[in-house]
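Same chain, two partners: chain A is paired with chain B first, then with chain C.
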Partner chain A sequence: MKQFNLPSGAVIKKPFNKIWIVLGTLLVLVLFFSLFIFSRRPFFNLSVLGEILVKMFTPRQYQNWGDYFGYMLTLRGPLVETLSMAFGGTIIGSIIAIPVAVLSAKNITKIKWIRIPVRTFLNLYRTIPVMLLAILAVYLVGIGVLPGLMAITGFSFGIMAKMLFEIIETVDMSPYEALESTGATKTQAFVRAILPQVFPVYISYLIYIFEINVRASAIFGYFGAGGLGTVIVESAGQYYERVGATVILMLGVVLIIQFISNYARGKLQ
Partner chain B sequence: MTLLEKKLKQKPKIWILNLIIFVAVIVLVGISFNGAQINWTRLEMAGYTLREMARQMTDINWEFLIGFGSYRFTEGISFLAIETLAIGFLGTLIGAILALPFGFLASKNISGKIGSRIGETLLVIIRVFPEIILGLILIKGFGMNAFTGVLVIGLHSIGMIGKLFAEMIDNMDRSPIEALDAVGASLLQKIRFAVLPQVAADFSSVALYRLDINVRSATILGVVGAGGLGTLITLAGQNANWNVLGMIMITIVITVILVDIVSAKLREKLL
Partner chain C sequence: MIKFINVAKTYPNGVEALKNVNLEIKDGEFVAIIGLSGAGKSTLLRLINKMIESTGGQIFIDDVEVSSLTGVKLRMLRRNIGMIFQSFNLVKRTSVYNNVLAGRVAYHSTFKTIFGLFPKEDKLIALEAIETLGILDKAFIRADQLSGGQQQRVALARALAQKPKIILADEPVASLDPITTIYVMDDFKRINRDFGITVVANMHHVDLALKYATRIIGIKAGEIVYDGPADKVSDDMLVHIYGRSLKSDELLGDIDEAI
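For the complex of A and B:
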């Protein structure tokens, strides 16, 4: 530890830097967790990795780029499935989320023993991975697009309810109080004072969740819930170029959605 | 007609547009159900299936949950839960470290207009590449184990952490950099003494937030065999083993909530 002796006789010590505590804790955690990670030994086969990447993004032997991109055109069906699952699920989930969000917002629902159970339920509910919802849905209604739609609805509901109640809580309450003082009912005041403030943000979150859902639907293929994910799962292992083409198509669609959503959000705010 | 009524009439007729959008959305939602062939026999059984699920899920096998008695600790669910945590934690750490160069590249302040465009594009591509497909690819190179999971999470996290990091750098106070410029500091010195002290707290808070997300997504990586709880979820799902799925669900809820609480507390301290 550094010390400075000033001419006046005072001794100044350099204060202990807390960064070392943080770094030490991090190191201990890294070592502890590494034990678990390396309990099964990994292997390193980078040449195979390179080969697969090449296989994914170039045409198969005896085929040309026309075949590669031609394959994408045959994916219209699964693409429409993915998009409709994501769209329907996002809209339905976000609509169901509205009453729940209103019930858990501090400034609207003044009664504590309604608000807190609803919020606890939301927090617990959101920890369940989408994948589990998908498995449950496939068992309930059978293989197809419907379980995917249900799982996405469930996921969108959880995330939207949380985001929405947070927006509602940050809303400016003075117009609401002003309307109430003029004799408007609570519902009227809510529709005229809170909704206009919340709506643009709600729509921009809706687009954001739609974007997440298009990507997340890739995993539903594993459980027979339809869409582009099914194509990827069926081709993985043999037809790497099909996986690659599907991935490119998916990335293209997501980028287009992102572009549109950025534009729309710019307009809304 | 009073002036007020006239003004009211002059209001732009935005409700027509709204109505059109509303109807279009309803129609599209309808169409999205159109592709869904509904399996009515399954639906009729749904009530029974639900009751059966609930009955089996609430039947907890403690030995398997914690990993003692007739099971070894490494076979139990709690071992897999810790493995999931480990994947999330180490993945976030690797992602945060790798995100630094990407963030610097994508920030207008440090790498100029063209450099930031390149960096931003790279980050977008990383961000939109689905984790599960990244896992599918990396599995071939690193085998079916938790290490692959760490790599997947690490690479995927670069996208978000890097983007937010670049935004932090762009929004920070430029005067310390100029001051260091004036005394002739090198790029590394500028980063160490002008950039890091300003962004350290925000950066850690973003990394902690990402840890939240990553522990959640580490639970699904096992679907492709990249370690954690996911492998067991897939197996149990394929065999309709609701008993195991129920225990896994409880474990995930506890793990995620613990991480949530810890990261929220730490973030509060930082800000």
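For the complex of A and C:
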């Protein structure tokens, strides 16, 4: 604690800044975990890495660049699968998130015995690893686009519900009060005073989650969820150039989506 | 008509905001409530449309007892009472028109409101209210693009769109500059006169209250210490209400010169 003595004789103490506790804890944790990571001698084999990279990003023996890029064209089907499960999952998950977010928001749901169970459910739900969702979905409905869609829906729901209730809790409540004073019901006041404030941010997050999902859907391919991910899994170990071409295609698509999403989100502010 | 009989309000933290308040405001009056901050002005105003619940006494609006109302009946009462706030309480990122149209939602079912279905006459009522306040050219501009005075006009238009019998105003000009203040107060005067709407306003600037209101209610520590015509308020009475002489920030200054 720091103390200031002013010329007038007044004394004021500057309170302890809690940020030091946070930073100190972080430092201790970093040191602690680094013990486990560097305790064994790392095993790097750069030559293998280089070999694989070369295999991935050059045409196969007896093939040319035309074959390499021509392969990308045959990926239209899986690409559409990936995009549609990412898009569908984002939309469905984000819609289911709305009522859950409203019920979790402290400033809207005043009744504790509704809010706290909903919020607890949400927190527990978010501890489920996304991989588990994907595996469960494949067990439930078998291999294909449908389990991918289900896993992405579940994943999007978790992020959106959390982000949305935090947006709702930071809105300006004064128009809500004004709406209540006109005799509006709570639902009407919410729709007219809160939604217009939340909506642009919601759409902005929706686009962002879609962007994440296009990448995540590739990982879900490992569990047989279809799309480009499955192509990568099936080619890995044997057809490295196919993996490389698929990765380049995905990078291109993600880049385009990022570009569009940055533009659209800029417009929404 | 608004009638308070022995009304009291004690907040859960033990603060006695109002004690034994009796008053009667007739239709079409322009009443200003003055007093120190913390004297109970806002509490008195918000009891009228039950934005705050009283803890004693009875409040009547046209023979309807307010404090017992709940649900639909309370909302039907609030529908007839417009409310103006110091910080305007607009949805800043939506248009003036949408903000004013919000004054109509209590006339429709929740279902219709969710889908934004308003009948044509409601849209016209909203636009007419905007026109009355002289900002029709701003109707489809976002509210946050407007100046403070214009935003308060939007709030007034929203209240007008309710087709109210009473307008309650909680420090309506406290966050406006002196010249805008005059324009907004003129709007209140005009609405009071042309539409016969009762106006009850909490005023920070005493000279403004005396100029615009026909009746002054002075509150001190939760009790009414003056209730009478504006032109009968003496300097001694002001000292009595405020417990001291007025500070310069409690006066707007030379009103005629400000214009």
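Following the convention adopted for this analysis, the second predicted complex is superposed on the first by the 225 of 269 C-alpha atoms of A that agree within 3 Å, B and C clash if a C-alpha of one lies under 4 Å from a C-alpha of the other, contacts with A are read in each partner's own complex, and residues count from 1 in each chain.
Everything that follows uses one rule, which is that a contact is a pair of C-beta atoms (placed from the backbone, for glycine too) under 8 Å apart; a residue touches a chain by one contact, two chains touch by 3 or more.
Only a predicted model underlies this, so the values are computations on that prediction, with no experimental measurement involved.
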Chain B versus chain C as contact partner of A:S174, first or second or both or neither: second
Contacts of A:P117 with chain B and chain C, given as first, second, both or neither: neither
A:L26 touches, of chain B and chain C: first, second, both or neither? first
Chain B versus chain C as contact partner of A:L251, first or second or both or neither: first
Dominant contact partner of chain A by residue count, chain C or chain B: B
Which superposed partner A:F223 touches (first chain B, second chain C, both, neither): first
Chain B versus chain C as contact partner of A:P99, first or second or both or neither: neither
Partner chain(s) touched by A:G70 [first = chain B, second = chain C, both, neither]: neither
Residue ranges of chain C touching chain A (in the complex, touch as defined): 49, 51, 74-83, 85, 87-94, 98-99, 102-103, 105-106, 110, 113-114, 155, 158-159, 162
Residues of chain A defined as touching chain B within the complex: 26, 29-30, 33-34, 36-46, 48-49, 52-53, 56, 80-81, 84-85, 87-89, 91-92, 123-124, 127-132, 135-136, 139-146, 149, 215-216, 218-219, 222-223, 232, 236, 243, 247, 250-251, 254-255, 258
Complex contact set, residues of chain B against chain A: 25, 28-29, 31-39, 42-43, 46, 49-50, 53, 74, 79, 82-83, 85-87, 89-90, 93, 124-125, 128-130, 132-133, 136-138, 140-143, 145-148, 150, 216, 219-220, 223, 227, 230, 233-234, 237, 240, 245, 248-249, 252-253, 256-257, 260
Chain A residues touching chain C - in the complex, by the definition given at the top: 172, 174-175, 177-185, 187-188, 191-193, 196-197, 200
